[in-house]
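The two complexes that follow have chain A in common; it is paired with chain B in the first and with chain C in the second.
And now, the complex of A and B:
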């Protein structure tokens, strides 16, 4: 294996998903030199690209504002995590969201910005979905508004993300909505292909001819609100959706869709921002070893195929993801830290579980890295680390749906970055 | 309507085999199945077409029956049989002298075999444990029980039989000579069925005891539970048997896109639904790894259990005879009822024929059975459909047999027929739609049984929406309810294999369906 020259940086971030990129951007913004090491696809890229700060079962009353107390108690285990922290949770969420929204706008992804008023939106399956932050063109499909006028689900033959008949059927079991209609469109520009991937479809929809065709289909519909699957990648999203709305005069909005373009857009937006802040993004790399000195981690060994590199730093942020994403390893039912460096355990007050699903093994996701209330990690031997921090779903209690998904990950990343700044 | 002469109870392989046999002899036959066809023991096995070798030492009669039926089924039901062959391999656990007596027994019974050296074995099965250096090839094969049963149903109907699923027999009215009237109920349709058959055939498998008790008979029957473990991918090319006296986990069977390790054997008291335990899964994994160590790295898709019903005079568990018995209840005062016990999938046709012989003798019908030479349907030839991928053509031919041509046509004709609905098993939307319009199909499981959609390694995680969409379109099922129920059921079936990568996949699926989409059984949303 070829050894590259050692890299000296202020902060090494392990993991290139939402948490890692957020922490890296914040620290780079503060003038630190930061490297982000990541392995492969992230959970962020598979997500809906919408962000919540409150567990979805807290959203009961429509239109209500969420107060801080509800928030602190609903977002387990934030209430433990921030005891004694210098800022209140509300301040943290406001500051972090402001930073995030600014960062994403710079990269071409505009988000709705009122974090304490949540949105009630529709998924591509016709179920309802609650979240705090959503892209503007998704937030345009607010259920409260849809109740007052008519709605059509518009699917495109060959596009995998929306079966309008099924979505219309499922949504009609929600009595608040008038029976929505559904429409299948056949786009000539899809050339009769039945098996496009979302990326292929997005590639076709870059062309003016394809957009014109979509606009024509929408103009021929009689409904005021038109729900569409994700059609554009990040580079064309804002322009494409704005153009469609303008050209048709309809409220064209994108359905909340996991495993598709929305998650990829958020991932890409965060990556672009971290890069523009001067972070070094190292992909396809694996961290193989850590060197400790007392209660500090001082060096890491990073491997990429045939090359090996030592990295020296003042602070380490571990944001490598949960058991599902592969940040923690899983043998049988036992969760382990693949670096064999930090303490793994369960959070005390467990609120885990998806209501209605009885699956004992799901409890495995409760287990993660343990941390003090400022996200400082604890070594395997029980030493509280001075310069190693956990961020995102790798932390016990923050794996979705134990935590609240992206929102919880981003909050911990923000706290980790703020604390790491002091030691880096 | 002309009077039904024979009522067959039970829609497993044996029941549909009897109904078809009788219908082909011109007997007016009706069959009632409580649930879906092939949903009991006939569907819950590893799909082995025995060469007979497995029983050569323990049960000569079963061995002979298997050997002859193996050849017959290859001729009449070739579409659902994959002639992958089988080997018996000698390991450190094979007792001294066992191989020699095994070979002698095969010779005495006339069961074709061929001793193989280590290198010959390795050419056939590269993944065998390195220390295995001797084996014997036999004519074992893999058979698709669903395809076999559905082809029987279709053929029986074409011959004039009335075959109904989801019709449960509720009570019998007895008269002087025996059964006078049978009352059954189709719960989903809310319909009561009254039949006055001349004769009743009780082919209800593990429930045979329950049915006979309804007419006041006690049927000596043992129920034995066998658990199996399904691995993703084909880890063996043909069947791999452990050459030793019968024991748990001594065979690996390639089946579609999976490998099935089987089986355990424990006595089962209640005829209800059987489930595999975590301990059984562990034991099967351990035993399978003795033959093919790669199973340890393979992904476990699920574990399941089936109930074997054995003749009570056959001994217990492993040593039990696998032969079958056709019981005439005349001596017990019911002159017009016949029960079937024991038997195996490989010998279902023979058992059905013997039963039909007895029935015909009792009814005074002279015609002879023709199922040993009459193919279950025309051999499909899908080369006429170049628009289907070669993989789709191959899959449809082996899965649907005589129906394959119709299914292929439907896929090409229907608007979204060529969309891939289940990518694990490569099932097209048109295939789902073809069966969803069938009156036999009531719910998601029925559709899965017929097409294999949702049976691949993701266990329906991603295609469940497509299944629900098709069902809604054709049946107006409540899709939310269908998906919620499905999720709950699946959770039960996979719990015991949930660890490592399979757990990862399952949790991701739960995140998505229950978390993101908020789909769960009682409707409602979070």
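And now, the complex of A and C:
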């Protein structure tokens, strides 16, 4: 295989999802040279784009507010991981969130900025969804507020993300809400097409004519709160939603929707931020080799389809996603070489049981790369690596759903980056 | 006999990513999974799927997004090989075979020949490929001009044939083997093989097992920027890069990075990002010859995206993209190397 010119950087990050990009941005912000190697779609892009730091069962009481200490100790399994770390988990969550919210605002994605506010939101299926950080235009659909005035689910014929009748039906089984109504709109700008993809729909909705038409539909409705599916991509999201709210005078909000634009927006925002911090983003590459020297990893071999490239670095951050899948596996059933050079195992104990998950499945999702409490990875031989760190759901116990999805990924990435800074 | 491939989790990502399925709908093209996984699994009569199999542009997007990494494109090509027979072959495909038999080219030869380069013992071999040789001679002349002005001695392979990429897509094993043998003989003595065409390049790398290079890889890696100086684009051109499938997804994304880096060296031009720049233009897989209406609608969608991005010109490092996007009309389209050559500075 032909070789490309070797790359020398301070830090190599494997994986370009939320964890990898967060770690990369933090380190680039500290003046390190960083390359991010990634392949294919990330779980972040498939996510709801909302971030949680706490498990929902902590909030059984409606409208409960929590202090950070309760919040931290309810988080599984972070509390264990950070015993003995220099910062408390509380500090980590606050600092990381502040960094994240600033980073996303820079790229045009405004988030509800207060980690103390625990959002109860609605999904596009009409079920409720709890999270700590959400885009502003999603957080505008706070369930507690919706209980006070009337709500309509607005679907668009041909748009795949919302069946308003189904959502309204599911919500009506929740006695707390007034019976919401549903409305199907037929947009002329969709030209009678019955099966648009979300990206196609977003492409059409960019135009002024399409936005005017949507605004007209909303204005003709009588309800105060209007729940819509994801309509805009990142570049048009803030402007588009603001305009719709202003033009109609209604509380137009986006339903929490996985496998759609919200996850893609978060992914794109994080990517754009990492790039603006000077990170080299090498997409569609594959790691094929790692070279170890004692307790350090010193070189990686990365393949760009038909060309090999050697990358030398001072620190390595492994943020490559689930090692053994919890339903979102992107790598089949085996631990991929050369990551198998690190020790794979299960987290020692579960503090919180996960309801509704089979024991066997739980065991699987608790499996991952083992790390010390500062996210330093452990080699297969049991050596604590000096300059290799794990971040995100590649770590044992952080795979969704025993972790808390993006929240857990981002927190571990923050800690990995802070520690890696010292050796890079 | 084709075998069912294990590991399909039926997530449907291949179909959602397929440019033909998403543009034309399932009725027109059932998508990669149906053709490559389900059909063999359920013992479906392959022959009934022949026309559908011909509609795949082999853009490799499906394989790229497949979480189980099923070699969908190779499975589709296997099926085409299995089904190959002259009978029932689309007329466009039949013409390709006739041209190769008659002229060693996938297309009929141009009436006027490009400048002849003297035979030499140079170790650098330039393979323009059928389209640059016979249809878009400016690619060939731009490339030779850039190689010469940067001080690289090169030669053409005497008596070269079509690389065989179209034959592989049609499924004709016998001719494929023949052109491969002819070329290996013609290439004798080379050290580095450079080509203008991602289709040829993919064929050389995957089938010939030759570590060939696209011209732009060679320009980026082996020509000093001092010898490759560009003058300013006077009109502040807005340039959209189409990322050819057979560079981005078979040769490697580094080639796309190189394309942007080379374009960024031209002062005064503005690179504009089109929606999904690596989405297939429709020019590959034998679809232009077999199902021209599909190839055209993909090209039209691409040109629309470029117009949306207010591009003045689409640039692609691929003769097939240039030809097929040109069919859609609406915007000028130029090969990347040709575009760069036209912006070369006279100062050395």
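Odds and ends about this structure:
Simple rule for what comes next: the second predicted complex is superposed on the first by the 394 of 424 C-alpha atoms of A that agree within 3 Å, B and C clash if a C-alpha of one lies under 4 Å from a C-alpha of the other, contacts with A are read in each partner's own complex, and residues count from 1 in each chain.
In this section, a contact is a pair of C-beta atoms (placed from the backbone, for glycine too) under 8 Å apart; a residue touches a chain by one contact, two chains touch by 3 or more.
These figures come from a predicted structure and were not determined experimentally.
Once the two complexes are overlaid on the shared chain, A:220 sits clear of chain B and of chain C alike. More residues of chain A are in touch with B than with the other of chain B and chain C.
Looking at the shared chain after the overlay, A:304 reaches chain C, while chain B stays out of its contact range. Contact with both chain B and chain C is seen for A:195 once the two complexes are overlaid on the shared chain.
Of the two partner chains placed around the shared chain by superposition, neither chain B nor chain C is touched by A:91.
Of the two partner chains placed by the overlay, neither chain B nor chain C lies in contact with A:8. Of the two partner chains placed around the shared chain by superposition, neither chain B nor chain C is touched by A:212.
Comparing which residues of chain A touch chain B with which touch chain C, the overlap comprises 195, 330, 332.
Chain B meets chain A in the complex at residues 416, 418-420, 465-466, 468-469, 472-473, 478-480, 484, 487-488, 491, 495, 498-500, 503-504, 506-508, 510-512, 514-523, 525-526.
Every residue of chain A that touches chain B in the complex is listed here, in rising order: 48, 56-57, 59, 123, 125, 127-130, 157, 163, 165-166, 169-170, 173, 194-195, 256, 258-259, 323-324, 330-333, 354-362, 364-365, 400-401.
Residue ranges of chain A in contact with chain C, taken from their complex: 1-2, 4-5, 40-41, 195, 197, 200, 203, 282-285, 303-307, 309, 329-330, 332. In the complex of the two chains, the chain C residues touching chain A come out as 7, 13, 16, 22, 25, 64-65, 67-69, 205, 211, 213, 221, 248-255, 257, 275.
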